[in-house]
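Two complexes come next, and they have one chain in common, chain A, joined by chain B in the first and chain C in the second.
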Partner chain A sequence: MAEVLVCVKRVPQATTEPVITADGLGIDATMTGSTMSPHEECAVELATQIADATQGSATVLTLGGAESVDQLRDALSVGVTAAVHIEADPAAFGPADVARAIAEVVRAKAATGAPYDVVLLGNDAADTGDFQVGVRVAYALDWPVVAGCSTVAVDGSVASCVADGPEGTGVFEVALPVVATVLEGGVEPRYPSLMGRMKAKKVAIETVVPGFTPAGSGRVGLALPPPIPNEVEILGQGASAAPAVVAVLKELGVVR
Partner chain B sequence: MALVYVEVDGSELSDVSLEALTVGRGLDGPLEAVVVGSVPDAGVAQLREFGVATVRVAQAAFLDRYAAAGYAAAVVSALSSSGATVLVGPGSPRSTEVLAHVAARLDTAMAANVVEVQPVGVGSPVTVVRQVMGGSVRETMRVDGPVAVLVVAGHAVEAVPAASAGAGDVVTFAPEVSAADLRATMTRVQAAEGADTSRLAKARVVVGAGRGAGSPDGFGPCIELAGLLGGVLGVSRAVTAAGWRPHHEQVGQTGTKISPELYVPCGISGAIQHWAGCSSAQTILAVNTDDEAPMVTRARYAVIGDMHEVVPAVIEALRARS
Partner chain C sequence: MATLPESAKVVVIGAGIVGNSLSYHLARLGWTDIVQLDKGPLPNPGGSTGHASNFIFPVDHSREFADITLDSMKQYQEMGVFTESGGFEVARTEERMEELRRRMSSAKAWGIPAEIVTPEQVVEKVPFLDPSVIVGAAWFPTVGVVDSLRAGTIMRERALEMGALTVVPNVEVTGMTVVDGRITAVETNAGTIAAQTVVVCCGVWSPKVAAMAGAKIPLTPAVHQMISVGPCEVLASRPGEISFPIVRDMDTFCYERQHGSDMEVGSYAHRAILHDPETIPSIEQSALSPTELPFTSEDFDPQLEQALELMPELLGDESAQIRYAINGLLSLTPDGYPILGETPEVKGLWSAAAVWIKEGPGTARAVAEWMTHGNPEIDLGHSDIARFYPHQRTRAHVKARTSEAFNKTYGIVHPAEQWSSGRGVRLAPMHQSQQALGAVFFETAGWERPHWYESNAGLVEKFGDACMPREHEWDSRWWSPIINAEHLQMRETAALVDLSAFAIFDVVGPAALAAVQQVIVAQADVKVGRVVYTPVLDSRGGFRSDLTVMRLAHDHFRVVTGGAHGMADKKWFADRMPEGATVVDVTSAYTTIGIWGPKAREILASVTSADVSHAGFPFGTCREIEVGNLSVLASRISYVGEYGWELYTPMEAGAALWDRLLEAGGPHELIPAGIGVYGTTGRIEKGYRAYGYELDTERTLAECGMQRPKIKDQDFIGKEAIVAQAAEAPQTVLCSLTVDDHTSASGVKRYMLGGEPIVTRDGGQLTDGHGHHPYVTTAGSAPSLGKHVLMAFLPPDQAVVGNQLAVSYMEELYPVTVAANDATPLFDPENLRIRGLA
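Up next, the complex of A and B:
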């Protein structure tokens, strides 16, 4: 019976060019909307699978404002059964702060006598791309951590984490408790059913506040990169462009 | 001064390691490097060529099987010996993981996807510019702490040898680790049949296919073209999300980042998610029905048309030549 905590982050949708807020410090998601990082969608799926396979339970956690409850409800609609909302201004929290806040929740749970066995996170957030929160959570708890996992399974007191590396596909068999960060691709996130969505609305969300003042992310400002000059040479329309394409391939040295 | 964590790929250093050395050399003071495992002679020659004065090589039996915390312990030991205040690493998944461990161990800040280190005065925190939002936004970030840990964005910086070579003195050391550092050690490597992303990441030519493929059966011509050009197939997230092709073929922010000499995206609009993975291609030749699609306007060459007509015609033209 594995107790799994899966951590998710509300991030702006990345379907259109980002809009930077007037103060130059954030992304304005008013028009684009927000979502959960793609890696975390897979982490949620894995949390649900582990809970199902071990007759355990999966809890979702996020740190953010009131609006980030949307992402908790999304996870609750696909099989997670409990949720913790760390209520805080996410812009004030750097990756080390977020890790510290998550570790506080994990320790508090352990103090109840029903500790988490597995903490899952996305490998990196789609917006800030910090690549470190999971590792820092592990160090804060003195737990082992495996990063970049495509799958994580639990058998008794051991987690089997699969992660690609230069050697090939590596298997890390690690004694619980463990932190694992997840990459998209190993599992297919399930779609919420109507019943799942209805059920998610009724789940009581535990709200906590961090017990410390965050150090911050070090962000000085955001800017859009210089626009890419449009230098495209149109080689033609449809199939009739094939000879021009071949000429370019030859010029580039791709074909002789 | 800076210490650069470098990785070996075959008989040489990885391309992204050379990029990290270029960034590290731009900082004040002598340049040092740390390698975990062994470094081939050609790698030492490259380190000299890129201006490295001292190469610290961590060697121990426990390093035979990968454990990120064990690797990090070795890097921390090299940091301590070198006295470096900036640690720079290449933009590979493993380097990023190891440096995250280092940052956590030292309780110091880490910046990933760095594209520029801004000049600062002595005693001031290092300030960097880095990619966020899949590379569509640049963040200026102050990296506070006793050691600034920086991971350079892969293929975002040109690797440039030093004006004058470094001594490249090799110092071998045996790092110490605790049992806790080896709790998450790779147990075994399993067959990677069908899931080898390294071919895509290193491919000289990639032919991309997106939603325009239309169905799981719509990729044949792109695969054939890739074969004719000595390349491989890459696909967009829309394709893998639809279940048309496996995830290990996905190019993008949450897939493989490619840097081929030629990328031929067919029926791919060029959304931010995809651009994050292909923007390092040297030349892009796009095939798309929409002449205003971001992939077309960012390409060097484009054909406006249906990939199902254009790609077979190109294949026919190529075959007619041989």
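Up next, the complex of A and C:
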């Protein structure tokens, strides 16, 4: 009966060449659309798996403006059953502010007598790449944290977190409650079904407002790296090119 | 990959379905040194072709669209990239069933297999569809899907094999060089390529590319939403990409198209989401491709529920996931037709844009023919880029009309339906008076034209049943019995008709006579003051236009033509001017007022001292007259079969002339009459043919019963062709038919509106010498005859006066009889009225 909270962030869809907004502080999503980070898609999948396996429930949380409700609905359409919207201007919130706001929600939930047992986050955000919200949430709550997990499972009061490192695969068994940050690749995130999409529309979303003034990120501007030169390599012509194509696909991990 | 050559005979910009097909067809027609560019990689450079749903429903209410689509299907089949799946258009309402019956008419007219079926028959072929949601459907067995990317590759490869083509992908066009109004080079990020002919096949980017040369291609990128749901078990169990018919859920503006184990659901129901060509992201800036924009799910949510109603088990399957969802960009134009032909602004710069997958190869063939010898086999009159007036090329107009039209993609659109956006643009000088008279305005080329006047409502009582009232709402939509009352009153007294929408241009200069002589069929070397009505033909003898020409001086001709086709006519003349002659557009300088009827002469005489008697002002002549202090060019011709004139006066004096004539006509019971009389009832009683209805490039003089008693000695375009045609029997013959009985099975009397197939009395199909099936080109009341009259091209053996046939309307047959098999008017066949003898 694990209660899982999974935190997601609205970010621009990834492209080869990002477009920086006029103020230089963000990435323009007008023509790319917005999504959640691939890490978070995996975290959402793990959250629903934990909820299913323990007959518990999974809640999705985001901090952002009204538009970020789209990402909550996306998570709701693939098996998450509740959502919390921290309504705030995301540009004004640095990673420490976001961690503080999440911790507030986790504490408030505990105060109701039905606390969260697991808080999942993506390892890092696809747009700002801060790599710190998960650790800061754990610190604020005084919970243990496992970073860079490929999978997280819960059995009774223990979470089993698997993280790949340079030395090999580490398995961490941690008593609940726990914070875990997730790296993409451990699980296959699912697409919504049509029914899931329709159910997600009907879920009531809990809205909260942070009880403090954010300090901000301190970011002064974004700059693009020089464009990566577009290299074209002709692998061959006709059927004789097939082995070379297969080799490249294997290298890319598209086929095994 | 090839490097950019320094020069080419023709540069084709774009490697979507249009550019690829065009490169092939140009090569096939003998062009060499073709260079095709695209800014993206091959075979999918990122345009709309790459994400198209690729299915083809051949049926359309427009003959031009249907013929182009059928030709495209043949080409896809020949390349082996067409898979026939069949397709249903399902109806959830009775109103839609009626529309599907109307679609049966169009299908039969264009020779497309189709039948009305029951919900049970749909389920036999589409077992996962809930039959309780629909009331019936139309079945089109020849519907299918194509591989448009593969087709493009095959087309390019064929042109490459012929040694006619160089393809250079990953090269972006950055500019165009235009010298003295002619394209001379294309500038790219890989260098400049010199060319005298350049074709813009750039889909949604076409306006941006053409603008580099100073030309306008008035289309807009617009979003069409599509999702793909799968894997669906029932679909995966069948082999191949498609094994179930495609379903168009017409009332929800959606379609469901199987794609392997997935079901694609596409929508035309959402709000119109328009983009600008300049802000489409580059390939590098795009998440998927430049034309696969982020899906806006809130716009699609209502369609999810509707799709689920229709296919509850298939789409409701929890394991079937929405794996792909896009806001796909496609091209829309203000009137729904493609934009084809040489741009009026820049010589040598061509457009082949706003073309969808179902039209791509057919359009490319026609454009290639046009570029090669000027004569596309399939008439492209509606798609000619020259058709647009300046205001129709503005972005505001394009956006307003496409926004209004978007949700009509699957809509039930009445043939006479009027636009509600972009109105009030071109107003006749007498507009205020017309408003006061209760004019009901229809739009032509931006002009607000009275179609009838509510001030004439009292005449409906006067003429009673002779106004031929229509009982059925559909038949009487965008129509009024007042039109017929105005007609009868005109035949009794006289009518005043605002013709401000005419396009008028002068041909002037020392070579004016030679210039006009070469373009028109009639003898142009007439006395100053003569008016001639004349066809304008292409070199095959097909109609390019029909219009009137006034000779105003030895070196000055005035050409008057219909507003709808005026700009294309102007380009036709301007393109053919020799040294010493030039075309000057005076459309906005003059208004035209028609005055016709038995009392017209008396009325005009009461306001002018000029001799307006038959002897003093013969038919077919024009001259300046004074109407009080107004100078008026009066031309004694008629399109309604009555004695009278077209009166031309400067635009700013038009209101004064209108008011004076109305006032002078008062004692003679003159009325203002609308275009309902001028364009339909008056003309159909006289058997006058209209360009765009009866006349187009696929028709000849002989087929239209417009043979010349004598062909002039001088050379002119089409002369050889008509001499040859005169020696042969025509393949088809334009006839006027009368409807003998209007009573439908329900007892309600029905009146055809045009486009319906003509069949034998017992419903058998007819086919003319071209392989075409007869259809109604114009339908309308002939109130003076008390008949509903239809015009249609019939096989020569059926074109016999008295021959009894039938017209199929809403899937019922009505008996008709051939009343004329040439241009002989049904009303006043001796033309006694026009000649002032009646």
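Operating definition for what follows: the second predicted complex is superposed on the first by the 224 of 256 C-alpha atoms of A that agree within 3 Å, B and C clash if a C-alpha of one lies under 4 Å from a C-alpha of the other, contacts with A are read in each partner's own complex, and residues count from 1 in each chain.
What we mean here is this: contacts are C-beta pairs under 8 Å (C-beta built on N, C-alpha and C of every residue); 3 or more make two chains touch, one makes a residue touch a chain.
Computed from a predicted structure; not experimentally measured.
J.: Can A:15 be said to touch chain B (first), chain C (second), both, or neither?
T.: Both partners.
J.: Tell me the contact category for A:135 with respect to chain B and chain C: first, second, both or neither.
T.: A:135 contacts chain B only, not chain C.
J.: Name the contact category of A:144: first (chain B only), second (chain C only), both, or neither.
T.: First partner only, chain B.
J.: By the touch definition at the top of the document, which applies to A:225: first (chain B), second (chain C), both, or neither?
T.: Touch status of A:225: first partner only.
J.: Applying the document's definition of touching, compare chain B and chain C: which contacts more of chain A?
T.: On the superposition, B touches more of the residues of chain A.
J.: Using the superposition on chain A as set up above, list the residues of chain A that contact both chain B and chain C.
T.: On chain A, the residues that contact chain B in one structure and chain C in the other are 14-18, 232.
J.: Okay, in this complex, where on chain A does chain B touch?
T.: Checking each residue of chain A against chain B gives 12, 14-18, 20, 27, 38-39, 94-96, 124, 126-132, 135-136, 138-139, 142, 144-148, 161-162, 164-175, 178, 183-186, 188, 215, 217-225, 228, 230-246, 248-249, 252, 254-255.
J.: Which residues, counting only chain C, touch chain A once they are in their complex?
T.: 1, 229, 279-287, 293-295, 297, 301, 304-305, 307-308, 315-323
J.: Write out the stretch or stretches of chain B touching chain A in their complex.
T.: 7, 9, 66, 68-69, 93-94, 96-97, 100-101, 103-105, 107, 109-113, 125, 127, 130-144, 151, 180, 183-192, 195-198, 205, 228-230, 237, 240, 243, 247-248, 250, 253-255, 261-262, 271-273, 283, 285-286, 291, 296-306, 309-310, 312-314, 316-318, 321
J.: Flag every residue of chain A that touches chain C in the complex, lowest number first.
T.: 13-19, 29, 31-34, 70, 73, 190-198, 201, 227, 232
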